[in-house]
Every structure is written in C-alpha cells, then in structure tokens.
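Read the structure below first, then the notes.
Here the chain labels run A, B and C in written order, and each chain numbers its own residues starting at 1.
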Amino acid sequence: MSVKINVKNLDFYYGDFKALNDINIEIEEKKVTAFIGPSGCGKSTFIRTMNRMNDLIDGTKHTGEIIYDGQDIYSPKVDVVELRKKVGMVFQKPNPFPKSIYENVVFGPKRHGIKKKSELDKIVETSLKDAALWEEVKDRLDSSAWSLSGGQQQRLCIARALAMKPDVLLMDEPTSALDPVATSKIEELIEELKDKYTIVIVTHSMQQAGRISDNTAFFLMGNLVEYGETSRIFSSPEDKRTEDYITGRFG
Amino acid sequence: MATYEEKSNMTDNKEKKRRRMKEKSISTILLVLASLSIFTTIGIVATLSKETIAFFGEVSIIDFLTGTEWTALFANPKFGVLPLVAGTLMIAIYGSVVAIPIGLGSAIYLSEYASDRTRKVIKPLLEILAGIPSIVYGYFALTFITPILKIFFPTINIFNALSGSIAVGIMIIPMISSLSEDAMKAVPDEIRHAAYALGSTKFEVSTKVVIPAALSSIISSFVLAISRAIGETMIVTLAAGSTPKLTLNPLESVQTMTAFIVQVAKGDVTHGGLIYKTIFAVGMLLFLMTLFMNIIARMIIKKYREEY
Amino acid sequence: MTNLQKRRLMDNFFHGLVFSVTLFALIILGILLFDIFKDGFKYLSIDFFTNYTSRFVEKAGIKAALSGSIWIIGLTIIFSLPIGVGSALYLEEYSDDRNLLTRIIKLNIANLAGVPSIVFGILGLGIFVHLFGFGRSILSGALTLTLLILPIIIVAAQEAIKSVPKELRHGAYALGSTKWQVIKGVVLPYSLPGILTGSILAIARGLGDTASVLMVGAVSFIAFTPKSVFDKFTILPIQIYNWSSMPKAEFHDLAAGAIIILLVLLLGANAVAIILRNKYQNRIKG
C-alpha cells in the first residue's frame, strides 16, 4: 500500500471559528476512504481543503500541511488550478453547467488545452462510459444537461470530473440528493472506479460507508476521532464515541 | 318581542354586514388607485394619437417616415423625420459603445473578482453615479467633455454628437452594471464551484460559465440601456446641437427626436398649430421605439430564462 | 510558455482589465463632481439663495427655482404616496394573478417604468396644461411628475409589502382580524420603512427630472416665488438648463452653483434612504 495524501497537524478556521483541530491522516492510493460523522463535524470542510475549495471563502485560514505528490498543496509553489486538475471533485447537489451534455464533459479538458474535436469526442465517450451514463445519453449529447434526471446529472458530474483524468476523486455526499435507485447506481460506479482512482467520500450514511469504503474516518466536532479499516471500525471501534455513533446512540 | 339572543344576533348580523361593506369599499378604492396607471398609459396613447392623427391630416405619413429633410421650424417646412431618428440612433449607439464595455466590465469585477469589502465601497459609489440627474450630465458634456474633445479634434463643433454620446454612455453605465451584476449574482455558486473544481481560473469561470449562464439578462440590460439612451433628453439638448442632419459623423452637430421636442416646447408655440402637433408626432414615434425596445428586453429574458 | 502560464496570464490580465474599467467609472464620477464644484463653488453665498435670476451674473440667484422645486416636490409627494402605496397594496394583498385586469396592471406598470420622461411631459402638456386647463402651473408640473415617479414608487412599495413574513399576517388573521385590520395593523407598519426608502429614491428622481417638467412649465424667466398651485414656476433643473444654454460662460458657472445645491438635496435624500434601509435591515435580522 502507498500513501496518496498525507495530512499533518491540520487546523482550519472560518474567521475565529476553529472548524478542524489537529487532523492527521494518510489517504491510501486506489482505495475508497469514507469520512463519517454527524453534521457540522468538519468532514465536508476537511474534504474541501484537499482541493483548496475553501480558498473561495473569505476569511479562512489554516495551519499544518497536506502533502500530495511530495509537496504541501498550500505551498506557494503549487498552482491551485493545477492541483484541482489532478484532484477532482463531485458535489452534494448535482451541479451541471447550463450547457449541453457534451459541453459539460469537455469543459475541463478544453480549459487545459485540448482542442482537437476527435480527441474531445473520445474523452466524452470514455468518461461517460466510465460514469455508466454513455448508454443513456449517447444519442442526445447535444441536449441540455439540465434535461437529465437527478441521478443522471450526478453521474454526468462524475464523468465531467473523470474527463480530467484526475488522480484523486473527492466526493462530498454525492448521493444525499438522490433517490435509492440512483444512489445504488452511483455506489456500483464507485466500486468500479476505485481500480483507477483514489477516492475520498464524505457520507452521511454509515451504511453507505460500510458498503463501499475500504477505510473509514470518524469525525466529531472538528476532531478526527478514529481512523482505520472500515470492517474494523464498524466491528470493533476503539473509541467509545465512535461506537456510540455507529450504534446509533447519537448523530 | 325578540329575546336577548335574537337581538344580539341581529346586531351581529348588522355588524357583519357593515364590516363586509367596509372591506368591500376599501378593496374597491385600492383597485381604482391601481387602475390609475392604466389610465396613464391610455392618456399617453390617446394624447399622442389625437394630435398625431391631426398632424397626418396635414403632412403625409409617407413623407414623414421616409423624408430625409427636417426643417419644421422654417418658413417652408419639410417634415422628413429620418434625420431626427438618425441623430437619436447615433447617440444611442455611440453611447452604448462607451457604456457596454465599462458597465459589463464593472459588473464582472463586482460579481466575480471584488472582495466583499471592496464591493461594499464601490457599489454605493456607482449608485451615486446612477442617481445624478441627466441635466447634470448635460452640463458636464458641454463644459468638460466638449472642451477636451476640442483638443483632439480642433475642428469639432461646440455642439456635437460625440460629446453627447459620451455623456449618455456615462449615464447608462450604472444601469448596465447593476442589472448585469444582479444577473451574474443569480447564477448559483454550485455551478461556479463545479468549474473551479475542474481547475478553472477565475477568468474562465467568469467568461465560460457565469456570463453564458446569465447571458439573456445581460443582453436585456443592454437593450434597456439603449432604450434609455434613445429617450434621453437633457444631455442631447444641451450638448449635441439642434441641426437635424443625416450623418454618421459624430463630430458634427445633430438633433435628436427629444431635443427637437424640447426646442419646440421652449418656444412660443400656438396651441393647436401644426408645429404644436409635430411634438406629438415625434413623441409618438419616440414612445413606440422605446416601447418596442422594452418589449424586446422582456422577451429576451422570458424566452431564454435560466431556471437555476 | 506552458498552457497553465498562459491561462494565469490571461486571468491576471482580465482581472486588471475589469478592475480598471470599474475604477474608470469611479474616476469619471470624481472628475464630474470636481468639475462642478470647481466651477460653481464661488457662487455659493447667501445672495445666491435670496436673489431671483437675472441678466447679470453677479445678481442672479436661485430663489424662484428653489421655491418652485419645493412646491412641486411637496405636491408630488402628496399625490404620489397615497396612490403609489394604495396601488401596491391592491396588487400585493387583494389582486389575483389569474385575473386579467391584475395582469394588465402589472404589465402596464413595467412598461410605464420604461417610458422616457419627456413622453410624460408631452402627456402633461396635452392633458393637464391644455385639456384640463391648468395651464403652465405648479399643479400641472406636480401631476406630471407624479405620473412619472408612480411606477417606481409602486414597485418599491410592492417589494416592501412582499417582505412582510407570512407568519405575522397569519398571526393577525388567527386573532379574527379582517383583511384591512391586518393591513393597517401588521402589513403597513412592518413595511413602512421599506416603502419610505423606495419612495424617497423615487422622489429624488423626480426632483432631478428636467425633461417632463420642462414640457409643461418651460418658462425661462421667473422673478417671483409661487403663491398658489396655479402660479407659473421654475425649478432647479430648469434653471440649470437655462443657465447652461446661455452662450456666456459665466452663466455656466452659475449653473454649476445650482447643480451643487441640487446634488446636495439629492445626496441628502439618498443618505436618508440608506440610513432608513440599514435600520430596517437590522430590524429584520434582530
């Protein structure tokens, strides 16, 4: 096993509010790592530090390091645009652009300098196939992305992220806005994707974490309480608070 | 004899009736007030139509709409409205050339680039620009813009279309900027975040995602601003001149439809005379042009509205 | 240069560009205000307020124009506020969007807001001056301005009324109040600051408007203060216009002096509106 992202002593603040407290974690390559915990525990804040989406919020600051590719991603040498190209993200609510399905998928590759139509076509096909959406939309690539169902939109957003050929895929509660059928499709998809990508997923559902993840991290009030193999966390948690949470005593 | 309860029922019924009457009359009064706006429109259309029809009893409508000479105040008057229309459109078009880049640029800056603190300083200042009456811009055109233009174009007329256009352009900047900024702000952050997460720069998020998403409202803000420029009166009356001319040269003196109306109204016109009626004929054309633009603006938004 | 460097460069260039144009707009504002103060400041004296206009620059003042503006705006407020608020109440509280008349009224207000002010002036000239026979009087001017700013007041009042929380209304209805009691007791008090804010801005717009009043009351030389609503009049913007269109440059500076007074009045009105708005917002938050 090798470590893809190594987080050391990370503190994170919104203004004066400390949202993350001394986080240390190693994310393993080509595994699915799930972040669980009650709402407001910092799991979403944490996943958003890993591609520096929190930069977009005024008045945030951090201390500590997030080492990726041998470098702290917050170091001045790292260009955030380049970082986000390699660390893709799928959001809570499907958020396709108000453009065609095709234009949604090629948005990233076009920005990063791919111009040739044949190349773009190929990217669209493979990305949509990887996101298990190709069969449903191949005949209407030019129709608006907003004409798709919620589950299809979310898979389009996954395809859009995959089109960048990312190294890591961050997923912030990707199924929380979807119905059970669409959710199970996305879960199957994650299962297939982990052969190629390192996946970090924030989920509000412990069952989901249990079904799809290799490792699980439990967050509570900005602290990382416990981290380890999913089967172990769910069968014999070491921390009392983890046990309380997964047995449903609070949350 | 009625029992106590019956009596109380009777007063209750009376009371109820009285209350219902009161409610009914209030809603009727309010309806009448709200309908006043309709009477305003009817008043505008009727007043303009009445005198316009009388005007076309004396001047052929074809000559009016196709004639290229406007000498309404001369001894042997010609009523070809095209020079006035051309003057109006020239001012509106050159004005938009000034206003659209600046208005859109500052909308993008305020919506996408500026920090909250900067925005809080700049927005009220732009609102001041929007609150300055057009007569003040007219003064500014005449006493500041024209002398500066004179440095660059020594042969320029004191009254010229360019000076008026620039001032009209400045006047409509805040309109474009605030309407376009509202449109861009209405684009949900989720969509912006999606683009950032794909490794887009701010420039790319602005021009490839936000502007296309808000495009219909942005374009309609342009149309509204142009309509405003067409109806603008005091700037062009003061700065652009009173020589109706079919020209595209902004260095020349021209006359707009609005400036002509003011010129006539200022003089001692006999009520009911032909000159008096020209005000209404030109006013009618102006009304129809701006109405048309406003309807277009609304249609653009309606047809291409984005449901976020 | 790599693709990324190019994109970064483009981003920085664009950032600089949109910042510069914004700054440019603000610089224009600065130049405009500076130009006017530089020209007009020297005329600001007590005499400027107490003299009528004159053929001699040094004797000219804004007494007639200022009193005319006060008369006109006072009358416009009296006319436009009740009509504007009443219309907004009808549209928000009583009307039904399925009703054809309501839809026509709404569409009509939107259209009126886009009608140039000079067209309102033509309307005033045709109806108030001639048809009703009010002549070139303060009354004609105020009625014309009322029609001009009415759409703005109605829309602002509608927004303010819309912002009254449903819970408050329902609370009042649950106590057995009639619709009018709810409006009088809950809706109006709650939305009043918002209505006032919007109305002040609309009235400021009326105070600065020239074209519409010029059409109904364009008299260039007035050397008296009005005594009744049927008197002839001049107002500040028209006085500014007259002085600006004089060939002699000294009169332009006089115009600048009058502009300063007009701008002070307008900025004062705006400041009041902003203070009201801030107070109002705090109340909603609290």
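One rule holds for everything that comes next: a residue touches a chain if its C-beta (ideal position, glycine included) is under 8 Å from a C-beta of that chain, and two chains touch if they have at least 3 such contacts.
Labels paired with UniProt names: A = Phosphate ABC transporter ATP-binding protein; C = Phosphate transport system permease protein PstA.
Fair warning: this is a prediction, and the values are worked out from it, not measured in the lab.
Novice: Quick check on this structure: which chain has its C-alpha centroid closest to the centroid of all protein C-alpha atoms?
Specialist: So the chain sitting closest to the middle is B.
Novice: Report which interface contains more C-beta contacts, comparing A-B against A-C.
Specialist: When A-C is set beside A-B, the one with more contacts is A-B.
Novice: Suppose chain centres are the mean of their C-alpha atoms. Which chain sits farthest from subunit A?
Specialist: C
Novice: As a quick test, compute the distance in whole Å between the mean CA positions of subunit B and subunit C.
Specialist: It comes to 15 Å between the two C-alpha centres.
Novice: Starting from the mean Cα coordinates of subunit A and subunit B, work out the distance between those two points in Å.
Specialist: 48
Novice: Which integer distance in Å separates the CA centroid of subunit A from that of subunit C?
Specialist: 52
Novice: Using the touch definition from the top, which residues of subunit B touch two or more other chains?
Specialist: 201, 204
Novice: Hey, what residues on subunit A touch two or more of the other chains?
Specialist: 81-82, 111-112
Novice: Where does subunit C touch two or more other chains at once, residue-wise?
Specialist: As it turns out, subunit C has residues touching two or more other chains at 7-8.
Novice: Within their complex, state which residues of subunit C touch subunit B.
Specialist: It is residues 7-8, 10-11, 14-15, 17-22, 24-26, 28-29, 31-32, 35-36, 39, 82-83, 86-87, 89-91, 93-95, 101, 104-105, 108-112, 114-123, 125-127, 130-131, 147, 150-151, 154, 178-180, 201, 204-205, 207-211, 214-215, 218, 220, 237, 240-241, 244-245, 252, 255-256, 259, 262-263, 266-267, 270, 274 of subunit C that touch subunit B.
Novice: Would you pull the subunit A residues touching subunit B in the complex into a rising list?
Specialist: Per the stated touch rule, the residues are 51, 53, 56, 58, 81-85, 88-89, 91, 93, 95-99, 107-108, 111-112, 146, 157, 160-161, 164.
Novice: Provide the residue numbers of subunit C that touch subunit A in the complex, in ascending order.
Specialist: 3-4, 7-8
Novice: Which residues of subunit A touch subunit C once you look at their complex with the stated criterion?
Specialist: Residue list for subunit A touching subunit C: 79, 81-82, 111-113.
Novice: Looking at the complex, which residues from subunit B come into contact with subunit C?
Specialist: Interface residues on the subunit B side: 19, 22-23, 26-27, 29-31, 33-38, 40-41, 43-44, 47-48, 50-51, 101-102, 105-106, 108-110, 112-114, 122, 124-129, 131-140, 142-144, 170, 173-174, 177, 201-204, 206-207, 224, 227-228, 230-234, 237-238, 258, 261-262, 265-266, 271, 279-280, 283, 286-287, 290-291, 293-295, 298.
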